[in-house]
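The same chain A turns up in both complexes below, where it pairs with chain B and then with chain C.
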Partner chain A sequence: MSARNRELLALVPASLLLTAGFAAVFVERDDVLSDVSLTYGAIFLGLCLVAHLVIRFTLPDADPYLFPLAATLACFGLVMIYRIDETLAREQAQWFVVGLVLFGATIVAVRDITVLERYRYVIATASIILLLLPRLPGIGQQVNGAYLGVKLGPIAFQPAEFAKIGIVVFLSSYLRDTRQLLVSAGRRIGPVVLPPLKHLGPMLVVWGLAMLLLVFIRDLGSSLMFFGAFLALLYVATNRLSFVLFGLGLFAAGGWFFASTVGHVQNRIDAWRDPFDPELYDRVGGSYQIAQSLFAQADGGLFGQGFAQSILQIPGTDSQLLPAAHTDLIYAVIVNELGLVGAVGVLVVYLLIVERAMKTSIIASDSFSKLLAAGLGAVFALQVFVIVGGVTKVIPLTGVTLPLISYGGSSILANFVLLALLLAVSDKARRRTA
Partner chain B sequence: MNTPTRRLFILVIGLFAVLVFATSWWTVARPQSLRDNPQNRRALLQEQRIHRGAIRAADGTVLARSVRGPDETWTRRYSEADALVSQVVGYSYTSLGRAGLERSRNADLVGDTNELASLLDQILGREPVGYDVITTIDVEAQRVAIEQLAGRKGSVVALEPDTGRVRVMASVPGFDANDVRDPRTYRRLNRDPDSPLFNRATQASYAPGSTFKVVTAAAALDTGRYTPDTVVNGDSPKEVSGVPLANSGGRSWGDITLTTALTHSVNTVFAQIGEDLGKATMAKYMTRFGFYAKPPLDYPADQMLASGEYRRGRLLDPESDLIDVGRMAIGQDKLQVTPLQMATVAAVVANGGVRVAPRLTERIVDPDGRVVERIEPKEEERVISRRAARQLGEMMQNVVREGTGTAAALQGISVAGKTGTAEKNPATDLNQPWFIAYAPADDPKIAIAVTVEDSIGGQGGTVAAPVARAVLEALLGEEARG
Partner chain C sequence: MVEPASVLLKYGFLIVLYLFLVWVSRNALRDLAGKTVSRPAPAAPAGLVDATGLHSLTPEGDGLEPQLVVERGVGLQPGMAFDIGDGAVLGRGDSAEIRLQDPFASGRHARLIRQGGIVVIEDLGSTNGTYLNGELLQGPQPLHAGDRVRIGDTEFVYEDR
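Moving on, here comes the complex of A and B:
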């Protein structure tokens, strides 16, 4: 069966999942099994078919599994958000449509990914500006101490979601050029091979950028995501673990310094270390959120409480029992309602997407494609790790979205662009092998 | 570049494994510590969403039911009739917790937690509703008992000897379960020196007085060492455990039969019998009657007390050296009993010597009225022989016919009983009157225990026996008024 037919076929279960999900929420909410869920499923399938046709005509050899996997996550996200808040779900559905349009546009625009290389400095500059936008007076927005949002009139978005892609594109292109130099001209100091100073420079620049991010946007999670993606790319480009360890050391040192000086980061770390400390628990921006996240998960158990069963609000009041249930803590809602089994299912879908990205990197023939696919896969995986790790108290909780599932226009749009780039790389790679 | 990419993917798998491990840790490995965390209100909020079943009296009168609260929650409302049985039914509030039947029958009231059944409920669009609990309580007789106690602190327990059904379990003063939802009211009631939240029928530690002579007589007859006609010297005072013991009013009765001794509640006779039988024998019979253990009642264990000899608030070993068996045999010494235990003593005699577990629940009914569970009578053990029980019954009939318990006599129905008067403060003549009985004597339907905590100069026969008569009349109905 051709790749495109496999893709088409795989979209059917995704649509059925959406139909079943809506049906479950309807039954729970209104005690009626409405055919609206079928309509939603059909609309969803129709939209995906259009996207599929775009792929079919522009990237005929692209990986057949990436799009259905992403569609599965997106439709699962829609159902979860619908279950949390109908209005938000309607908005999210609109973003989903816009995302698909952007997805198609990206595919058409970067069919030939070498285009990206030509504009790498433009992309890099744009990404850095994007990252700094939230600190600009007038349009920047602060949420819980972190500067991640921008508000331009009626449009609010999170520029970091787009910047992460731009930075991966730039680094892939940059490292393609310098990787040989980084490896060959190394100076050995004991067991550690240091790159020549001339080339160490850019590394330090990226490190400095990550630190600046920490200071500017004050978000440990985003910094970790950016710097992690950088280290992943550096490792893939040079195959030198020593570079990675050196970079990790630098990041740890910088992270520790800022964690102890920037109050908001300090708070997050305190809340992470002892979420049940009564004083931290009651403090504004304290550990209430992570504590409630853990309580919700404990109630989920192996199989969960069932769709739409989770308590998100304190009855009789307007106060939230589980704050930011539709964004940061959506994973806690999934665990509460679908249990360990459902959560692991979601993680497996993410892992499969990362696997397709890595596979694309391996079969690609040119260095830029290899680096780009691996870098996009890594930044996607890191984002999942940062937010799920935060919600499950593996690392301090920070405000990063769960890709394709969390509510948020920027997140949906950026991840569809990421997906489009991956498909473009994979089309080129597979056409060569086919 | 493929090798580092593969390693990178292995690292990603490792990171995801950490996420799976962390999720498993909170959901499956260590959820209990999180559920027990006092900051975790999820269980309480979850509980509020459950439509608990109703609690009803034997005749169907609603005692407790759930009404809609805000945001799909339910709260408990207690009926006017519930105020008569407030300690039995108890309460169930998110802020306060649960007590009484609300607690001991919680699993039934919450309903079937069976996944399949609740899934079926969801598919059929039914809101899950807990089961109704139908109690054995006779509201009208309960009302009579409360009225008869007339505000005096005390308790009445009436049960069916052969089935264990508790028809009356009164404890005065009571409370309105609707009020305790307010934490301030709850705290006030909890501090009230009259302890209205306390179920005197199952939790009080009272001196039983002469009603305990029924237990001593049962042991005496069942061992075969005594018959109702055995003659014992009833002079007063007699030395018991080295200290002189006197009869009521200091009266010397001379040589009298056991029947006469019980009829007139002669202390010295029963003290001698107790010393003669010895600690081991008394311990054996008391344990069989249910002393030294919490009663097998469907009621929260920490709202029940074991009856027996106590010292400094601790239950003694039934054969402890600290027990003065002679004085214990007449209900003195350090003996502390609950009204439920004394009603059980009467019930054992009434039921031919077999002890049946008391119970407050008749049946569990689902929302459609189908019986989910019918609670069957459960025989605990044979306490005394049928013959000993019959002999003792005849002796107890004599008490009501011509002895200390004549005030309990019903027209047309023979009552078997025993009075008791525990002296609480001889200087002020402060007594605790008792009466235990069963009726009809030839075909026992009800066994009863009545006690009033404080009565100046009151006797079991004058204060407690009339209460028992009224309650028996209410329970035996037309038959009693004949």
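Moving on, here comes the complex of A and C:
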């Protein structure tokens, strides 16, 4: 079976999932087995088919599983958000359509990914500006202490979502040129090879940027995501574990310093260490959210409470039992309603997407493609780790979206662009091996 | 009150999800095991091992045919390919195997040497320098497929098909 026919076939179960999910929510809500769910499933399948045709004509050899896996995630997102809030789901569906359009446009525009290399400094500068935008007076927005949003008139977006792609593109292109020098011109001290000072500079700049993010944006999660992607790329480019350990040490030192000085980050860490402390639980901006998230997940059990069964609001009042259920805590809602089995399913979908990215990196023939695929895979995986880790109390909870599931236009759009780039790389790589 | 239809739909949802995941995983695993060509790393001469391990070394006589493909250049047709064989000198002079007509090229400008499975490029003290991927070449560097070599206004792409 050809790659494209596999992709086409895989879109069918994705649409079935959407139909089943909506049907279950309708049954719970209105007590009827509504055929509207079939209509929604058909529309979803139709939209995916259009995107599939764009891939078929422009990137015929691209990886067949990436797009259906992403569609599965989007279907989880649409069902869960619909179950939380109908108006939000309508907006999310609109963003999904815009995302697919952008996905197609990106595929057509960067079919040849070497174009990106030509504009690497433009991309790098734009990404850094995007990251700093939320702190500009007038357009920046503070949400729960972190500066992640930008509001320009009626348009609000999260620039970090787009910046992560730009930074990976730049670093891939930069490391492709300097990786030989980083390794060969290094000074050897015992078993550790230190890169020459001249080339250590850019590494320190990236570290400084990650620290700046921590101070400016006050978000440990995005900072970890960016720096982690950088270290992953550095490891792939140089095969030197010492660089990674050195970088982790730097990050830990910087993170510890700022965590103890920036109040907002300190609060998050306190809430993480002891979420059930009554004093922290009742405090504004305390551990209420993370504690409720843990309760919800425990309540899910093995197979979950069922679609639309999760209690999001305290009955009879307006106060929220699960704050930010449609964004930060959507994973907790999924665990509550579909249980451990459903949650593992979601995580396996992410795992497979990352596996496809790494596979693409392995078969790619030139350094830039290898680094780009590995970097995009790493940044995607780290984003999932940061938010799922936060919700499950592995690391402090921060406001990063769950890619392609969480409510949010920027997140959907940016992740579709990321996916389009991965497909473009894999098309080039697989055409060579085929 | 939990509707039976809803319970059925939930389990149906989970079953479809897992069947889908098993299908993708099985194909992905077969893909990982089968198509990836794991080339045995030959014992390369000391100092020439690709230090970063990003590229697997190809043993000699593996059908590796390194070429420089002209991207643009003075007096050269774009798309023209020069076989490198076991090595070649690029330059304007008569002793160069790859003859350039670029006014910025020196007589013997740069040298390509094939050592084991990799091709190394080295500047031969030229006046205007050799650029590898837009950066001035300093010392010998191994070439990878897709690398761009520029001398004056002449640019090549290295291919190893």
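A few remarks follow.
Here is the rule we use: the second predicted complex is superposed on the first by the 434 of 434 C-alpha atoms of A that agree within 3 Å, B and C clash if a C-alpha of one lies under 4 Å from a C-alpha of the other, contacts with A are read in each partner's own complex, and residues count from 1 in each chain.
Basically, contacts are C-beta pairs under 8 Å (C-beta built on N, C-alpha and C of every residue); 3 or more make two chains touch, one makes a residue touch a chain.
What you see is a predicted model; the values in this text were computed from it and never measured.
Of the two partner chains, chain B is the only one touched by A:291; chain C is not. Once the two complexes are laid over each other on the shared chain, residue contacts for A:362 go to chain B and to chain C alike.
In the superposition on chain A, A:314 contacts chain B only, with no contact to chain C. Touch criterion met: A:14 reaches chain C, while chain B stays clear of it. Judged by the touch definition given at the top, the superposed model places A:251 against neither chain B nor chain C. In the superposition on chain A, A:6 contacts chain C only, with no contact to chain B. In the superposed model, A:393 makes contact with chain B only, not with chain C.
Legend: residue contacts after superposition of the two complexes on their common chain; A:345 is shown touching chain C, with no touch to chain B.
In the superposed model, A:243 lies in contact with neither chain B nor chain C.
Overlaid on A, the two complexes show chain B and chain C touching the same residues of chain A, namely 27-28, 31, 236-239, 306, 355, 362, 367, 370. Across the interface of their complex, chain B is touched by residues 27-28, 31-32, 232, 235-239, 276, 278, 281, 291, 294-302, 306, 311, 313-316, 321, 335, 339-340, 343-344, 347, 350-351, 354-355, 358, 361-362, 367, 370-371, 374, 377-378, 381, 384-385, 388-389, 392-394 of chain A. Listed in rising order, the residues of chain A touching chain C in the complex are 6, 10, 13-14, 16-17, 20-21, 23-24, 27-28, 31, 33, 65, 68-69, 72, 114, 176-177, 179-180, 183-184, 236-239, 303-304, 306-309, 338, 341-342, 345, 348-349, 352, 355-356, 359, 362-363, 365-370, 433.
Residue ranges on chain C touching chain A, taken from their complex, read 2-3, 5-7, 9-14, 16-21, 23-25, 27-28, 31-32, 35-37, 51-55, 133-135, 141-142, 144-147. Interface of chain B with chain A (complex): residues 1-9, 12-13, 15-16, 18-20, 22-28, 30-32, 34-35, 37, 39-43, 45-46, 48-49, 69-73, 122-123, 125.
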